[in-house]
Amino acid sequence: MRKIGVFVCHCGLNIAGTVDVKRVAERCAEIPGVVHSEDYSYMCSDPGQNLIAEAIEEKDLEGIVVAACSPTMHEPTFRAAAEAAGLNPYQVQMANIREQCSWVHPDDEEEATRKAEGIVGAAVEKVRRDEPLVPHEIPITKKAMVVGGGITGMQAALDIADAGYPVILVEREATIGGRMAQLSETFPTLDCASCILTPKMAEVGRHPLIELMAYSEVEEVSGSVGNFRVRVRQKPTYVDWDACMGCMQCQQQCPSEVESEFERGLGTKKAIGVDFPQAIPNRPKIDPEHCAHLRGDFCWLCSRSCPVDAIDYEQEERIVEEEVGAIVLSTGYDMLPQEVLGEYGYGKYPDVIDSMAFERMKSSSGPTGGEIRRPSDGEIPKEVVFIQCAGSRDPDKGQSYCSKICCMYTAKHATLYHHSVPDGQAYIFYTDVRAGGKGYEEFVQRTVEEDNALYLRGRVSRVYPEGDKILVKGVDTLSDENVEIHADLVVLATAVTPRTDAREMARIFNVGTDEHGFLNEAHIKLRPVETTTPGVYVAGAVRGPRDISDAAAEASGAASKVAMLLSREEMETDPLIAEVDEGDCSGCLWCVAACPFDAIEEKYLTRRVGDREVSRRVVEVNVGVCQGCGACTVACRDGAMNLKGYKDEQILAEVESICLIAGSQQ
Amino acid sequence: MKLTRHGLHSEMIEKIERISGEEISKCYQCGKCSAGCPVAQEMGTLPHRVVRHLQLGQDERAFEAEAVWFCTSCHTCESRCPKGFDLSRVMEALRAVLLRRGEAPVRPEDLPAELFAAAPQQAIVSCYRKYVS
Amino acid sequence: MSDSWQPTIVAFACQWCTYAGADLAGTSRIPYPPSVRVIKVPCSARVDPSFVIRAFQRGADGVLVSGCHPGDCHYMEGNYLTRRRFSLAKPFMSYLGLEPGRVRVEWISAAEGQRFAEIVREMTGDIRALGPNRKMRERL
Amino acid sequence: MKYGYYPGCTLHQQAEEFDVTTRESARALGIELEELDSWQCCGAVFPLATDAVINLAAPFRALAAAYEAGVELVTVCAGCLNVLRRTNNLVQNDDETRDKLVDFVEEDYAGEGRVHHLLELLRDEVGFESVSERTKRDLNGLRIAPYYGCLLLRPPDEMEFDDAEDPQILENMLAGIGAHPVSYPLRMDCCGAYLPIGELEERRNRAAVAVMRSASAAGAEAIVTSCPLCAHNLEQCAQDVPGAEMLPVLYFSQVLAYALGLDADSCGLEPDGLHAGVCEKIGIGEVK
């Protein structure tokens, strides 16, 4: 029988004023196995801790109970003291006779003392069954992966790399930059997007610790925090990027011109080339759907024009396996297809465009060279109607949430419009103006007061052409008047949506999504960039609508979490986790279904029976992933799964002790 | 109501801005003025709504509002307006335009003599000021 | 049963919420009857319905199982599991002859010291009215 | 110290008691008020239209004359104070308007002068404590509701008379002379005096009635004001509106002068008329 020591604290009069601590210590001494029991005024004081250390050493204690305050107060103190005296810190139990006894039963010394006896007794039974435990140590691969190379991913990659850790940046498109690369000028300061983005892209491109895997997608992830194995699919570009010098001769020669998604339908691109001139890596790719050669026609123009013979029509996709310790997901957002709102006529009338198209128009490298022109006839529009919340805050037809950025970018659009067409008029239909951010409200006010935008509180119900104008029928609820505007151009502030493949991504990386498909954080307020999968982080618009400043802040937040993780050689995990007895395990996998963290994996045990190999399914707990909740233990009908520190027999022993002592006291 | 850029920035709107010294666009329609206006309940059209009509270029709607004449120039709106917008001046500008057009709602000569017999000098002068000058 | 009879209530308390709530009742000096003995568990999902039955077999008069409010589980969904498990287990317990008032599953957050005290008060009163748990001991 | 006194039209006509008690109070407190030689009506309302420069001529002339005479102006009429002070601000701050006025009135004045309300002098120069020491009569805790109205307080950044949302100057003065100032929510609200006239006039009464009701509900026995227009309006409406509460309305200077020793009759307090209740409370009936 293990030798147990009990130490009852007076906590001055906090405990001793109500509980007869001497009696508690005496009664405990009578429990079998308790070889030491004493009381003292302040157990947590240095002399108190010394008493404990001396007793452990002198009496070779194999478990101690400190009957004192709540474990949230001093459990670490007493565990450290025990460890210093040579006892395993997990063989220390606290019996909470202050918060849960003396303080709540001040008027009944007898009852409080009885209760204290019960509490301490249960703790003795528990500690008697405590095994010495040591934290698991997991080696860490000191390398990170960032998935998605928009502003968020770039910022995160740079921060991690600047902390000294190698980073692989996986980007689905042929260039990094994300949505920000499409923007013209950015609120709230109106600095030009490419002026602040291009240098960052270049920095990513040349950082010695950042390995850029463009035109690539993650296929599969296995392993766990500290040691993920990631399979990345590199799609064929049909250009040997190592040989290519980025001269873009090929792009100039290519005869196949197609509508450019990057230009939001306002411009075209070639079947070979880059989306925009500042692309990083600055290498062309062939779009196989539109390349004449790849569709079986006769065309070798790019290949013939290439001075270094880099075109490779035969190129095939490659699968690359990488090992990383931590992963940041920053794959950003999409926009609601506006065809959903048929009443606005997007897609039907060329002069109804979405906000991203407006950005492209205003971009000096865009299809109109930065001039605002009607797509239908190239005229400069004099009356422009902006419709906010187009598909946002619209649980019926669009998205139920507020897209958060459109109020601000619409104000920006109206401002930019006024700067380019001073005698034009911008009308903005809005539901509310949401401008919570540093300088944001002031920006909106300037848009009204200095840049002449007329805000109309209400939505538009219908848009249709009338002559060469577009008739916009809306309402101004402030004046209770229906409003008609004969507009030259209508701009829809389209709802931000999750990437169409977000749920698939979430599945690959084992993170949750909300009902819309935005990735979930571990805790929306206090762990905003962590996910419930240790080692996987989220940042930026992949979590929900965000502007650049929020996205960049989260990127740095996630990067610092990654750096924190990678800064350690090994990762210590709490030993109070689940443990399977393979002998008892029947392989039913009930525990797997119960585990909220996917910490349990199946595995097969093979055994030789005579000359046959029999294999049997059991499970294994991933120590890096298990959080120690114990849900699996209850699910296991075979009693094979147990939780260290909270084993079935320990809890049952507590139950029995409580009932026994209470019974004896009646 | 049809909105056009010319209508929004009509001569009349500019004139009202000139006379009042206030930029009509500054008001963001929070309604605090109306909430505190001591005579709002009499006005029919609340004070902030008068401003809204002007913002939409609907000056005639503003001129029609009885509010223009009910306004007592008490400055309650102005002293509490979060945007520092002086609505009492806009009301005065509207009255001024109407008076200059000869469109006073009452002519002083039509007023009952008893009124003047009892009223203090100050009341008589301000009454003339409101309806004549 | 006299008012002075002190029933024995075993409370399984999730360490993140209810255990901290019980501590808060203490730091706020909110008195409640000394009937309850708390067993700390990492999550309410660690509580096996068989623990509850064992308590009654050994003479407990009541059992409280308590964790974070739904949606607030430290482990995300542990308390949903608890809710499901106990909604299945409760009919079985009444089949064994336990009066409904003896087992309660409650959500008590770390901020709800007052609520913890109230629930203990309520349970103690209810169980006093029911009297000691004889049936279970006799039956099993 | 000697001040130029600007009584304003109304004090010379319907509100003589205001004028008399103002002069007597000032005398009793050692403030020398000398009426300006030639003053004209200030126009009663400050012109809010920026192009109504002509309406500024009269107050400008008064301001210039006082400056010429080397005195600072004192007035008690809220309307006059409002017009004079705001005109002075405008002259100080708006060069264009000033130049027009200088040309028009042919006085070279740039807003150097100052305009005071008598109460401000009592507060800032004499001190309410010292006023209190000089009282000769007890007001017996008469429950008085001070009524500010619009013109003293607004626009606040121009008038700088007192805290526009919680003024205390009348309260402090009243407490100093032994009255009991009653606080009530509508004391800074407009009485509606500048409302339309004629057929629409009835509606204005609601504003004034509300003020009266608010004061009465707070237990006041009388209202004091510093504005003849308010005084008229409050009394008038209470008479016009059937069932309206009716409190006597006095000028603040009437109670001040009485406390400082002026006889009731000169103070315009009428024990037999509207002021009966007030007079009884402060013992005027008994003295007679």
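Should a chain be cited, it is by its letter among A, B, C and D, assigned in written order, with residues numbered from 1 in that chain.
What we mean here is this: a residue touches a chain if its C-beta (ideal position, glycine included) is under 8 Å from a C-beta of that chain, and two chains touch if they have at least 3 such contacts.
The structure presented is a predicted model; accordingly, all values stated were derived computationally and were not measured.
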item	value
More contacts between chains, A-B or A-C	A-C
Mean-CA-position distance for chain D and chain C (Å)	73
Distance between the centres, which are taken as Cα means, of chain D and chain A, whole angstrom	67
Computed distance of Cα centres, chain C from chain A, in Å	36
Distance from the mean Cα position of chain B to that of chain A, given in whole angstrom	56
In chain A, residues with contacts to at least two other chains	none
Contacts with 2+ other chains: residues of chain B	none
Junction residues of chain D - those touching two or more other chains	none
Pairwise touch network: line, ring, star, complete, or other	line
Chain pairs that touch, as defined at the top of this document	A-B, A-C, B-D
Contact footprint of chain A on chain C as seen in their complex	6, 8, 10, 20, 22-23, 25-27, 29-32, 34, 37-43, 45-49, 51, 54-55, 58-60, 74-78, 81, 85, 117
Touching residues on chain A, where the partner in the complex is chain B	382-383, 423-425, 427, 445, 448-449, 452, 454, 457, 476, 478-479, 481-486
List of chain A residues in touch with chain C within their complex	70-72, 96, 98-101, 103-108, 111-112, 114-115, 118-119, 122, 532, 576, 594, 596-597, 627-631, 633-634, 643, 646, 648, 651-652, 654-656, 658-660, 662-663
Touching residues on chain D, where the partner in the complex is chain B	8-10, 12-15, 41, 43-45, 47-52, 55, 77, 79, 150, 153-156, 164, 189-190, 192-198, 200, 203-204, 206-207, 210, 228-229, 231-233, 236
Chain D-facing residues of chain B, complex	18-21, 38-39, 41-42, 66, 69-70, 72-76, 78-79, 86, 88-89, 91-93, 96, 105-106, 110-112, 115, 118-123, 125-127, 129-131, 133
